[in-house]
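Read the structure below first, then the notes.
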Amino acid sequence: MKLMKRKYRKLGLPPGTLVHIGEKKTETVKITIIDYTEKEFQEKEVTTIEEAFPFRDTSTVTWINIDGVHNTEMIEKIGKHFALHPLLLEDIAHTEQRPKMEDFKEYIFVVLKMLYYDENGAEIIVEQVSLILGKNFVISFQEREGDVFNPIRERIRGAKGRIRKMEADYLAYAFIDAIVDHYFLILEKVAERIENLENELVSRPTSETLRAIHNLKREMIFLRRSVWPLREVISGLGRSESVLIKKSTELYLRDVYDHTIQVIDTVESFRDMVSGMLDTYLSSISNKMNEVMKVLTIIATIFIPLTFIAGIYGMNFQFMPELGWRWGYFTILCVMALIVIGMVIYFKKKNWL
Amino acid sequence: MKLMKRKYRKLGLPPGTLVHIGEKKTETVKITIIDYTEKEFQEKEVTTIEEAFPFRDTSTVTWINIDGVHNTEMIEKIGKHFALHPLLLEDIAHTEQRPKMEDFKEYIFVVLKMLYYDENGAEIIVEQVSLILGKNFVISFQEREGDVFNPIRERIRGAKGRIRKMEADYLAYAFIDAIVDHYFLILEKVAERIENLENELVSRPTSETLRAIHNLKREMIFLRRSVWPLREVISGLGRSESVLIKKSTELYLRDVYDHTIQVIDTVESFRDMVSGMLDTYLSSISNKMNEVMKVLTIIATIFIPLTFIAGIYGMNFQFMPELGWRWGYFTILCVMALIVIGMVIYFKKKNWL
Amino acid sequence: MKLMKRKYRKLGLPPGTLVHIGEKKTETVKITIIDYTEKEFQEKEVTTIEEAFPFRDTSTVTWINIDGVHNTEMIEKIGKHFALHPLLLEDIAHTEQRPKMEDFKEYIFVVLKMLYYDENGAEIIVEQVSLILGKNFVISFQEREGDVFNPIRERIRGAKGRIRKMEADYLAYAFIDAIVDHYFLILEKVAERIENLENELVSRPTSETLRAIHNLKREMIFLRRSVWPLREVISGLGRSESVLIKKSTELYLRDVYDHTIQVIDTVESFRDMVSGMLDTYLSSISNKMNEVMKVLTIIATIFIPLTFIAGIYGMNFQFMPELGWRWGYFTILCVMALIVIGMVIYFKKKNWL
Amino acid sequence: MKLMKRKYRKLGLPPGTLVHIGEKKTETVKITIIDYTEKEFQEKEVTTIEEAFPFRDTSTVTWINIDGVHNTEMIEKIGKHFALHPLLLEDIAHTEQRPKMEDFKEYIFVVLKMLYYDENGAEIIVEQVSLILGKNFVISFQEREGDVFNPIRERIRGAKGRIRKMEADYLAYAFIDAIVDHYFLILEKVAERIENLENELVSRPTSETLRAIHNLKREMIFLRRSVWPLREVISGLGRSESVLIKKSTELYLRDVYDHTIQVIDTVESFRDMVSGMLDTYLSSISNKMNEVMKVLTIIATIFIPLTFIAGIYGMNFQFMPELGWRWGYFTILCVMALIVIGMVIYFKKKNWL
Amino acid sequence: MKLMKRKYRKLGLPPGTLVHIGEKKTETVKITIIDYTEKEFQEKEVTTIEEAFPFRDTSTVTWINIDGVHNTEMIEKIGKHFALHPLLLEDIAHTEQRPKMEDFKEYIFVVLKMLYYDENGAEIIVEQVSLILGKNFVISFQEREGDVFNPIRERIRGAKGRIRKMEADYLAYAFIDAIVDHYFLILEKVAERIENLENELVSRPTSETLRAIHNLKREMIFLRRSVWPLREVISGLGRSESVLIKKSTELYLRDVYDHTIQVIDTVESFRDMVSGMLDTYLSSISNKMNEVMKVLTIIATIFIPLTFIAGIYGMNFQFMPELGWRWGYFTILCVMALIVIGMVIYFKKKNWL
C-alpha cells in the first residue's frame, strides 16, 4: 500500500489537462454497452467508443461501462460527445481523487473508491470508480475489469428485482450500493485479523505482533480516508434537487446511506480497537519483562549470598578456626539451606513465586 | 462477542431481498396478539400470521409481537398485508442494523438494540428489536422470546398505569422505554466490573487484569456503538411531525430521551475510566518492576564486592603477606562488615530501603 | 464515590411511578416555608405539606423548601396540589438525574447537582437539588438539610441585596447562583490536591502517588459529568421565552452562565493536568529505574571482571608460573586497580557517574 | 502560577457585592486622565476619582485609566456616576474573570487578560484588564501600573498614527491590539524554551528535563484558557450592532481578530509539540535504559561463564586430572579466550556492539 | 525550521505601520509586468514600481509580480496608487500571516503559504505569497524569486490552455492552483520519509529513529497550520459575492477546493501515522530490552548456581568427605550438566529460547 501515488508529472500543466495518474491496472480498454427498458434488452462489447455514442439520444436506459482509464484520448472523445466539463475528465483519469459528488445540472458526476484485498489477502487495493449519470444513461469508469458490477449485470439480463422497471438513476444507485456492500467484505476480513491478533496479543506477543498491529493501524487510517467522504457523497445525492434523481430512488439512497454510516461506525470501532491494542501490547511486554526480571532476581538473590559464603571459606588465610572444625562443612551447608528457605519465604510473601 | 456477523451471503443480491443475517436464536417463530381499549382486553397466541391480519382494521390498539426473524416468508406476508416497503422488511431480517428511525408516512419504522448479559454474565448479547408503529397497531419483531416486554404485557393485562388509556404511539414508547431502562442494568454490571478491576489494578496487577481491561475496553466500544445512534432515533421520534405521534406522548419521549442521554453519558464516563485504567496498569507494572530491580540491585551491590574480596584471598599466590597474619581473617571480616554498613547507609539515603 | 446507584428496583414499573432511588440521606423530611414581599416577611417550619398549600395562591413570593425526597407520598401530594406532571415527580424522587431544565408552561422544572466534600474531605458527595419555579413560588427539594441556601435565607430575612424587591424567578436564580458558587469551593480543594500531587510527582513518586492520580482522574470524570449539562440548563433558562422569567433576571442568568463556563473551563484544565500527570508519573518511574539500573550496572561491570581475575589465580593447577613470582600478588592488585580506573573513566565519559 | 485564586471569601454574599478577589499588586490606586480631539490634548494625574467625572459629558475623547482594582469604594463611585451595572463592577474587582464582552447598550464592557513573564522570566503572570467603552470615553482598569499601554499614550501625545483622528471605539481597539500584540512576546519566549528543551530531549534527558516539560505543559493549559475566549470577545465586538462601534473600526477589529486566531493557532501547535515531547522523553529514557542494560548484559554474559570455569579449577577435589597436566593452565586460558571471542561475535551479530 | 519569527520589533507601533518581518530572502526587489488579452501579449521587467502604474487603468489583464517584500517604501507607493488599505500593506510586509482572504469590495486580498524543501531536502521552507485581485489586474508579492509561477508565465506566453481567454480572476485562480499543486510535491517527499522510517522502526530502532520521528511530528504540526486555513480561504473565494469573481471561475475554485481537502486529508493521515510511530517505537524498544534481559537472565540463571557449586568445593574445610572421593570431581561435573539441561528445558517451556 503506497502512501501516495506520484503526481508531480502533472505539476505545471494547465488545469483540465488529461493525464493518467496511477498504476495502469489493465492493458487494453474494454467497453461494454447494456441498453434496456422493462421489455427490451441489448448487450454488446464494442472496440471504439464512437459505437457507444448513438445511445445517448435513445429513450432507453443505457449503461456504458469502460474498464481502464489510462486511454486519455478516448476519455476526451467521450467528454466532447457528452459535453462534459474538462475538470471532470481530468478527475476520471487522475485516480487519486477523494470520493465526491458534483452536480453539473445536465449530469451528475460521482467518484467512488472500490476496495478489495489483493490475491494474497495481504493488502487492500483501491480502485477508483467514476460514474456519470445523465438523463437516460450512466457511464461508469473502472480502473480494470472487475466483478463487483457483475451481479447488477445479471439482474438486468435476467430482469430480476426492480432494476429493469426503473430509470438511469436507479442504475447509478445500484452501482453505489454494490460498492458499499463490498466494503462489508473488507470489514469482515479486517475483523478476522483483529480477532486473531487479539488472541496473540495478551498471551504471546512477539515483535511480529507489533508489526501486524502497526500495519493494521495504518490500514485503518487508509480505510477511514476512503469511507468518510462517502457519507457526504451519498447524502449529497439524496438531498440534491436535480431532476435526474427521481423521488422513488431517494428511499433507496437513504438505505445505502444507512449502510455507509454503518461502515463508518465499524471502521471507527476498529480504529479504537487497534489503537487500544498497541497500549495492551506495551503493557503485555512490560508484564513479560517483569516476569523475566523476577526470575533473574530470584536466582541472583538466592545464589549470590551463598556464593559469597562459599568464597569466604575458600580464602587461604592460615588462621581460620572454622576450617578446622569437625562439623564446619556441614554447619555451613545448613546455614546456606536456612538462607535459601528464608529467601523463598520472603519471595512468597512478596508474591514473586 | 463477534466483531461482525457474516454478511457476504447477501452480496450481489438486489436491494430489498429478504435474507436472514445473524444467528438463529430461536427455532420456532412465536406470534402473540394483544388487543385492547381502555375497557376491553384480548390476548392470544396464533400459529399463522394470517390470523393477525384482521386486527389491522379494527379501531382497538393491537400489538402483534413476533419472536424470531429468520422466517423470511412470514415477514414477506406481513409486508404485503401491511403494505410495508421491501427495504424495511430487509432491515428486519438483517439483524446487524444500526438503531434507526424512519418515517414512511403511513407507519413509522424503528430499529433498536436490546442488550443483555449471557447466562454466565461474561458477555454482552445484542438482540435487534424492530418496531412498526401504524395507526392502530404496533408490530414488534424480536430475535427470540424475551422478558423485557413482560412488564408491559402485565400492565396492559392489569390496566396498570395509563397504558390502556393511551393509543398505539404510547405503546411504542413503552417498548422503547423498557429497552432503554434495561440498559441501566447492563451499566450497573459494567460498573461493578470496573470497580472490581480498579481495586485489583493498583494493588496486584497481573496479566489477567490486563486481559480484563482489554475486554472491558472492547465492550465499551461495542456498547457505545449501540447507544449513540439511539439519541438520534428518539429525538427524531420526538421532533417528527407524523400524525402517528400524539402531542401527549411527546413529553414521554422527552423523558426517555433524557434517559438515553444519561446512558450515553455513563458509557462515555466508563470509557474514560477504562482508558485511564490501561495507563494506570502500565504505571503500576513499571512500579513493580522498579521494586524488583531495587531488590536485585541491593543484593548484587552488597555481595558482588564482598565476593570479590573473598576471591582475592582465595588466590594461590605464594607471596601474599596478609594470608600469614594472625588476625588477617578477622580483619577481612570486619572490612566486609564495614562495606555492608556503608552500602546500607547509601541505600537508605537513596530511599531504596 | 459509587459509580452508579442501583436502579433496577424500578425496572418494569410504568413511567411516572414514584420510587425513591438513591441513598436516604436524612431520616425525617423537613419542610420550611418562607413568604415575603419587599415589605413583609414570614418564616415557618411545618410538619405536613398541606400547610404549605395555601401559599400557592397568594400574591407574595413563597419559597417552600423540602429536605428529603424519600417520602414519595408527600411528593405525590405536592404534585396533585400544584398540578405537576408525573414524570417530573419521578425525577425528583429519582436522585440520579442529569442536570436539566424543562419548561412546562405553567412552571419551570430545574434539576441541579450540589457537590460537597464529605467530612474527611476525601470524597465528593453529590446531592440532587430540584427546583420548581411557578408564578409566585419556588419549591426546592434537597436530599438532606444543607447549608448552601442559608445565606439566601439570611438575605431574605435581613432584606439584604435586592432579593426582597424581586420576584420568584430571582429567587430561583439565587439558588442556582449559590450552587454554582459552591462549585468553586470544590475546585479549590481539587486544585490544592493537584498541586500537592505535582510536587510529589517528579521528586518521589510512589505507588501511593499513582493511586492518588488515578482517584483524581476518576473524580474529574465525575465532576465533568455534573457540570457540563449545567451550561445547557442555564443558557436554556436565559433563552427561554417563558413569562415566568423576567427581563431583569436575564442579566443575572447571564452572569451565572459566565460562572458556569468558568467552572467548566477549570474542570477541563484540571482534567488535562491530571491526564498529563500520569504520563509524567510513568516517565518519572522510568527515570528512577534507569538510576537503579545504572548503579547495578556500574557495580557489576567493575567487580565481575575483577572477581574473574581473582578466580583465575584461585585455580589449583600445578603449573601456574605467576603463582610463584615474588611480586605476582602485587602485580595482580595493580592490574585490578588499573581496570577499576579504566572503568570509572568509561562511565564518566558515558555520563553515568 | 497558582491554579486558582481563593474565592471563598465571597461565598454567600449577594450577587453584585463588590469584593476584591486576587493578589493586591499595587499599594495605591493611580488615576490618569487623557483627553483629546484631533487638535487638542490634555493629560493629568488626579488623586480622587471625582475629578474625572466632568469628562463624561464633554464631546472630546476621554481615557480614564485606573491602576489598581482593590479600592472597591472608588469602583462603586465610578459605577454610580457612569450608571454601570453592579454585576459589571463586581467583575472588575474580581480578577479571576474569563475574557468576555458584554454589550449593555449604553456602554460595552470588555474583560481581557494581559500576560507577562515575571522579572526572572520563570513564570507567566496574568493581569486582568477591564475596559468600559462609552460614547466619548474609555475607562480602563489595570491591576497595577503597566507599560503595555505606554506606546498608545505616546501615540496620542505625539498625534502619531490615526488615533487622534478617531473616536473612543478606536481607542478601545488600540488597547485590545496592544494586549494581543503582547501575547506574541510571550509566545516567542515559550518558543525559545521549547526549542531549548527539544535539543536537550533526545540527546541527554534528565529528570530536570521532565520537570521542565511538565511545567511547560501546565503553562500551555494555562495560556490556552486565557486566549481561547478572546476569539469570541473580539468577534463579538466586530459583529456587535452597537452604535458605539463605528463602521471604520470594524476593519481594525477584523485585523486584531486575525492576530488572535494566529495566537490561538500557535498555542495549539505548541501544545501539540509539548505533548509530543513527553512521549519522546519516555522513549528516550527507554532507549538509554536499553543501552545500560546492554552493557550490563555484555559484561555479565562474558565474565560469568569464565568465572565459572575458573571456579571449577578452584575446587579442591583430590582427583582432578587436568590440574596435574603440564599445559592445563594455558589450555584453560585459551579456552577462555575462545569463549570471549565467540561471545563478541555473537554480540556483533546481534548488533549490540 | 524556526518555531516563530521575531515580531517584537513591531511592538508598540500603531497598526498599519509598514515593517518588514521575516528573513530577507532576496537582496533586490524584482518587478515584472505581464499584460495580455486573448490576442495581445506584453512582458517586461521594470526597475521602479511607478512604471507599473499606468496598467491599472487599461482594459487588458495585467499581472504585476513583485519578488521581495522588504522594500516597505515601494509597498507604500503601490498602496497609495491602488488605494489599498494600510492594514493590508502591513500584512504583505509581515510575512508571518496566517493564510487568509479578505474582500475589500474594490479588490480581494489573499495571503497564501508556499512550501518547498530547502536545497538539502532536509527542511521545509515557508514563503508568504500575497495576491491582490483587482478589476483588471493581479498583483502578486513573493518573498523571493520563485519558479512555481513559471508554468503559468509559460502558458500566458504560449497562449496554452484557456488562461488568455479568461479574466483576472482566472489568473488569480491559476496562482492558487499552482501553490496547492505544489503541496503534493511536499506531501510526496514526506510520504517517502515516513515509509523509510517505518521500515527502520520495527526492525532496528535507534535513537536516530526517535529523533527523526520527533522531527517529522513537528513538521506535521507545522504543515497542518499552513494548510488548514486554506480551506476557508478557497471556500471563501468560491462563496464570495464579489463581482470580481466570475461565475465561470467558480467551478475552477471548486476544483482547487477539492485538492485542498485532499491535501488536508493526507496531512491528517500522515499525522495519525507519525503519531502511531512513536507508540510503535516505544513498544519496539521495550521489545528489544526484553530480548536483552532474556539473554542476561538465561546466562545468569544457568551460571550463577553452577558457580556456587564450584564455590562449595573450593572451600578449604579440612573435613569435606566428597573431596576425597575417587569420582567426586566427575560426579559434580555431571550434576552441573544436569542442572544446565534442566534450566534449558525450563527456558524452552517458558518460550525464552
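To keep things simple, chains are lettered A, B, C, D and E as they appear, and every chain counts its residues starting from 1.
FYI, contacts are C-beta pairs under 8 Å (C-beta built on N, C-alpha and C of every residue); 3 or more make two chains touch, one makes a residue touch a chain.
These numbers come from a predicted model, not from an experiment.
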Each chain counted as touching subunit D and subunit E at once: none
Whole-Å separation of chain centres (CA-atom averages), subunit A against subunit E: 26
Residues of subunit B whose C-beta touches two or more other chains: 279, 282, 286, 289, 293, 296, 300, 304, 307, 311, 314-316, 320
Sequence of chains encountered when the ring is traversed from subunit D in the direction of subunit E: D, E, A, B, C
Footprint of subunit B on subunit C - complex, ascending: 2-4, 6-8, 10-17, 85, 87, 96-98, 100, 102, 204, 207, 210-211, 213-214, 217-218, 221-222, 225, 278-279, 281-282, 285-286, 288-289, 292-293, 295-296, 299-300, 303-304, 306-307, 310-311, 313-316, 320, 322-329, 332
Footprint of subunit D on subunit C - complex, ascending: 150-151, 154-155, 160-163, 174, 177-178, 181-182, 184-185, 187-188, 191, 194-195, 198, 201-202, 251-252, 254-256, 258, 261-262, 265-266, 269-270, 272-273, 276, 279-280, 282-284, 286-287, 289-290, 293-294, 296-297, 300-301, 304-305, 307-308, 311-312, 314-320, 351-352
